Each structure stands twice: as C-alpha cells, then as structure tokens.
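Below are the structure tokens for one structure; questions will follow.
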Amino acid sequence: MSPLRRFLRMPEALAGTVILAALFAMALAAPLIFPGDPQAIAGPALLPPFQDWSLPLGTDRLGRDVLAELFHGARTSLAVGLAAAAAALAVGAIVGTLAGFAGGLIDDVLMRITDAFQTVPSFLLALAFVSVVGPSLGVVVVAIALGAWTGPARVARAEVLSIRERDFVAGARVIGMHPLAIAFREILPNALPPVAALSSVIVAAAILTEAALSFLGLGDPNRVTWGGMIAEGRAVLRTAPFLSIIPGIALVLTVLGVYLVGEGVVETTAVRRSLS
Amino acid sequence: MSSPLLSVSGLTKRYRRRGETIAAVEDVSFHIEPGETLALAGPSGSGKSTVARLVLRLVQPDAGDIQFEGEDFLTLGGAALRSRRAHLQMVFQDPLAAFNPRATVARVLDDPLRIHGIASRPERPRRIAALLERVGLSPDLAPRAIHEISGGQRQRVAIARAIATKPSLIVLDEAVSALDVSVRGQILRLLLDLQREERIAYLFISHDLGVVRAIAHRLVILDAGTIAESGDARTVIDAPQSAIGKALVVAAPKLDRTGP
Amino acid sequence: MTALLAVRDLTVTHRRDGDEVAALKDISLDIAVGERLAVIGESGSGKSTLALAIAGLLPASARIDGRIDWSLPSPPSWGVKERQPKFVPLGGRDIGFVFQDPSASLDPVMPVGKQIAEVAHTHLGLNWPQAYAKAKTLLERVRLPDPDGALRAFPHQLSGGQKQRIAIAAAIAAGPKLLIADEATSALDTIVQAEIVTLIRQLVAEDGMTLLFISHDIALAAALAERIAVFRHGGLVEIGAARQIVSGPRHAYTRSLLDAHLGLDAIPLSRQAGTSA
C-alpha cells in the first residue's frame, strides 16, 4: 500500500487533512472572495451573525465584515505559523548537526547557547523582541522562531551523535569527503525524520504564539489577525460574544488540524520504518 | 628491496572506560608490500578492527608511526589527508550499513570521482558504467537504490567505489563475512583479479582462517591487542605456534568429505 | 524412529506492500524424538521461516498453509491452520528458541538471572526462590564463570559469547522437548562459536532434547547434526544423514555449497584453476 493511502485510511489524519485543506482554501481564496480591504467598513456596527446574508457572520464594533476578516486572518495565521516553524526547524537542524558532528568546543558553545535560549520562556522572548524591534510580519516570524529552534536543535544533535558512528559516515571520510559535506549531505538528511516529527507541534505553537502577540496588540497592525479579532471583541464580550468566539473556534480548529496531520505523518513514517 | 607500501610500527590505542584505561591495540607493527595481501586474524576483541580504523586515520592512535607510500601518514591533515585517501580505501563488513541509506548506486560511485577530480561531470556516467562492469555488474544498476539490490551486488558496488580512485591499498574489514558462501567465492575471485591486474595490496581482516588461507600471502594473528604470531599465511595456519593461533585452527569448522 | 513432529505441505506467504512472497513452499519433513537435525541454506532459503513456523513465532500477517503435527503428550496434536489456543503456551515450555543476536533477545534492563528465573517461574510453577536456584544451576550448566555474579549481571556487562550462553540457559530453563537454535553462533567469532556448539551438543545429550539447528555453514551443521536438510529459495532440496549429504550429495546445489566451503586445507584461490579472467 502506498504511504499516502495508508495515511488517508487513518480517520484522524483524514479529518486533519480536511480541516487544513479548508484553511488553505480560505487563505488562498481570501483576496478573490473578499477583494476589498477587510478592515474597511462594510455595514452597520455589531450586526449579529446569520441576520443579513450579505454579511453572514455579522460585523464588529466598527461595522467590518467578520467573515472577510476571518478569511484574511487565516492568511496571516498560516503564513506566520509555517514561516516561523520552517525557520525554527532549519536553524535548529543546522545548529544541532554542527554541534553533534563537530563535537568538542563547537558542540559546547552551541549547546550552551541553546541552553540560554531554553531557560527564557519562549513567549516572553517573543514579546520582548517585538516590543523592542517593532511589530511587523517579518519581526513576528523571527520572534516566534527565536523561542522555537532549541527543541529541533537538541533532537537533531542527538540523532547526529548516533548517525556519526555509523559505517557509512566512516565510508564518506575514507573516500575523502569534506567534513562539511559529510555533515550536510550524508548526516543531516538522515537525521531529519525525527526533527520533522516535531514540526506539527512547532507550527501549532507558532500559530498560538502569533495569536497571543496579536491579542496583546503586538501583531502587524496592517494585517487582520485572529488574535487581533479576539482582542477587538473582548471590549464587547457580554453584548457580542460571537466576535471573540468565531476567531477562537477558527484558531482551535487550525491547531487541531495541524496536530492531526502531524500525528498521521509520524504514524505513517513509523510504519514504513518498521517495514524496511 | 624498495620501501614497503605501508609500514606500521608501535601502533597503540587506548580507551578510557569508567576510569580504567584499556589498551585496544598495543605496540603493533607490520608492513605490506605493493600487490600483497596481509591478513589480520584474531578473535573478537583482539583489536583487528581498531587496527583497520587506525591505519585509515578514522581513529587517532596514542602512539606509533604509519608510513604510507613513503610519507608520514599520521602528520597529514585537512586537504592533504583527504587527497591522499584516494590511494587508501576500505570495504566494510556490512555493505548496507556502509552506504548512505538514501543513496543510489550512481551517487555512491559518483562521490569519489567528483571529490578527487578523476572525471568531469559529463564524463562521469560513462566512468560509473565502466566501474560497474569492472566488478561484474550491469551498468543498468546505476539508478537503483542501494537498499534495492542484493547483498552480493552491494559488496561489488562497495568494491567498485574502493577502486574508483585507483588505490594502492584497500583495507577489507570482514568484507566477505556477511555474504552467502556462493557469493563469497565470487567476491574473493574478483578481489584476486583486481589485485593481479592493478597490483592493489590488501589488508584483509577476518576471523575465518579458511578464507585467510584462500586469499592471503602473509598472516598476522592478534590477541588482546598485541601480535601473537605472524608469518607466511599457509605456514602459520598449518603449524600455529601461539596459543591463540592453535585455538583458532582447532575451532575452524572442518568438512570431512571422504565417505564412511 | 518416533516422530516428535511432522511438517506436512507447509507453505508460508508474507504480504508486503501488496506483494505476496512465498518464504516456504510445500515443505514436508519429520523431526524424530531426540535427533539433531540441521537445516542449512543461504539467505532467502526459508530456513529461519521454518524455525519460526515450528515455534509458532511467525508474524500474524504471514499466511500459513499446511500442517505441523506434534506427537507430544500434551497437547496431542494441532493444525497450524486452526490456531487453537493451546498453540501459544507451547513456546518457552515445550520449545526453547535461541536467536542469532543475544543482545536483541535479552531484556537490556533486567538482570539476566531474573530473565532465566522468569521462565522457570512461569512454566514450571516454581516460586521465586526456587526459580532463582534453578537459574543458578542453569548458569552452571552453561558454564558461565561466577554464576552468582552472573545472576545479578545485566546483558551489557557480558560478552557476546556469555550472552549467548545466558540465552541458551533461558531457552532450556523449562526443560523443553525441542531446542531450536536459529543461526545461534553466526554472530560469534570462530573460537566462541566452537565453544557454543560443544555446549549445545552436551546440553541436548544430557536432557534428551531434540535439536533443530539452523545454519548457513554446512561444515558446522555436519559437525553437530545427525541429519541435514538443505533448503533453497523456500524449497527443500534434499534431506539425509549428515555423512551422506557431505560425502555423497545427490543434488548439484548441495555439491556447490560443499565446494564453496573454505577449509584450512583449501588450496589458495590464486592457484586454483578456473579463476575468472
């Protein structure tokens, strides 16, 4: 059976795939379905959902279309989540590989830096970084990645330490391969699977961190974000709770979808490993 | 007589384990002439694989001297060492573990040609095909993944990779121990052919005296990291002098094919 | 000769990624009570599949056709096909199994004494002090130096040969009728291999066990077994007395295996005729 079919036969993986596919569809379709500025006023303020079918999810305090905001917010959440996780995984994998392969002083220095980052709570780190540098999409991505790369670095290092002793690495040295080529061409690709298994946790955490930053007003002010929407709805939580609940549900579903797909991928690759 | 191809003297390697220092290899000396097969035999833990790794500079010795092709091999470092490695190659026991699990046959053979600038990029596919043919494999195997081919084919690919850089010495670490007996015979014959045609010397590491007797010119028997005895392979095996040599000879499985 | 078990038309098929691979095809053979039978063959010959099938250790995904009939007093007989519940308790109590790699078959975080005592406790109904006393006797029988110390040792503190002795002690702890050694000496060096073979021969004789010795080495098999079965590509090539197989093989394949053996009297390959150019 092909890995894809085995993956899709797991109900939870299928559910996760459907959720994520819907989210990506929302993010990609946002500028087509809602071509205008989502932050523009579209109707009367605080219109409840399911009243006016041109504004199905109602409007917020300023009369902005909640559905349009939700679609555009999906873009920000996914973009930041994926970019931050990709950055964290790449930095972590490279640092971990160098530390594990080089050993000695380089290993010590790199791992003490990793320790230093790990002792600071990652959200505090992100908060401080955005406060100092100023909020923009790129800064938020870097801020989240700063607190997330240490996990992948540790996993990559542990994996590299065991792969380093294998015969094929000795074989690469015997044919005269450059140490950096051995580290990045021979060892790193084989150390990646367990690092990649962390990616769902990191993407989910990155999406949540982005939402939390936006909630505190430290998101990119020129973009709609789900966290910003929740913060916006907080002022009228008693009279119009839907303004906080709708983006909240979107956030929960996204994180759930990422987890389910991640679990499915890990499960599928684990089965393949045990078969070979 | 010209100087030997490889000359090892006083080679020593100690490991520290829980405060204790254990000598894996202690004061080992031997030499190999061009085109000659020297076997290193001994029970497990005798240090024969450590000697192989020391000679290949995969592990640094604590003491001793290694002269290879008239040059002090131990003082070489960095780019100089990497370029000299072309002449000193290795074949491992488990050909599956010896290759990157993601590699294809072509990539495995492309690496040495590229690293040592032996063939230009457009020329390499032809060289790879020639190498495969040289070790008795079809060039059609080139695009296949290493894990798809049989154990015997993999060991031939390992030999093709070792001879790609035209080495003068190949270290064979239990290179035929994991193979089926019928494949083992073919691989041993291939090694002999290569030796005859290219004058390659072998450092042949094995615990199996039957194989050693079939392929080696001279034999060094190691026990607990030191040399127990050495000499002409057939002489030593026919009349071992050391206790460990006698034990190895007695323990070798014997086949009495004469009828009842 | 009384048969301990009779294998009839045994076919084992593995399914992998949609493909079906036959590991054994239509095998029929008898194993007599108290005999030493060696099964030899190269990789992919199905020799280990046969051992696993007899021990009931094949993975659930394998399809098994044919029968293995036992003539043990209890249980009297069963067909593999029906998979009766009696099938499971037989392993360990009536069959001792020694694997190739003792590091993989021993629990790394349990003292080896407990691993042996556990078998005696489970299958012989001994209480723990009795089971430990039994374990100590077994360690003496497999000739480990310092059996008292070995009881408390963990597998990683022992050498490969010592671990295999422990695995043998655990395999014979419940007094099995059949001892299966699946390439049990292949990972060891020649000297330790010879010691383990001597030990197996002695234990089998002392306890009146039947031995199924799986090996790729025809010389080793001939030295230990009374009968040899030669397997190739999942089929039985020939079976006969060890002497007859070695000195008068009927099949060309058996002859080629004998010719491929490199003994200490072998002529150096470089001087043999017919070396390929």
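Annotations for the structure displayed:
By letter and in written order, the chains are A, B and C; residue numbering begins at 1 in each of them.
Please note the rule applied: contacts are C-beta pairs under 8 Å (C-beta built on N, C-alpha and C of every residue); 3 or more make two chains touch, one makes a residue touch a chain.
Given the structure is predicted, the values throughout are model-derived calculations rather than measurements.
This structure's chain pair with the greatest number of C-beta contacts is B-C. Of all chains, A has its CA centroid at the greatest distance from the CA centroid of chain C.
Computed centre separation for the pair chain B/chain C is 32 angstrom, with centres defined by C-alpha atoms.
Measuring from the averaged C-alpha position of chain A to that of chain B gives a distance of 49 Å. Per-chain Cα centroids separate chain A from chain C by 52 Å. Residue positions of chain C touching 2 or more other chains: none.
Every residue of chain C that touches chain B in the complex is listed here, in rising order: 42-43, 159-160, 188-195, 216-220, 222-223, 243, 246-248, 256-258, 260-264, 266-270, 275-277.
Across the complex, chain A meets chain B through its residues 166-168, 170-178, 186, 189-190, 276.
Remark: chain B residues 53, 56, 58, 81-83, 85-86, 88-90, 92, 94, 97-102, 111-112, 115-116, 147, 161, 165 touch chain A in the complex.
Residues of chain B touching chain C in their complex: 43-45, 151, 180-185, 188-189, 192-193, 196, 207-211, 213-215, 234, 237-238, 247-260.
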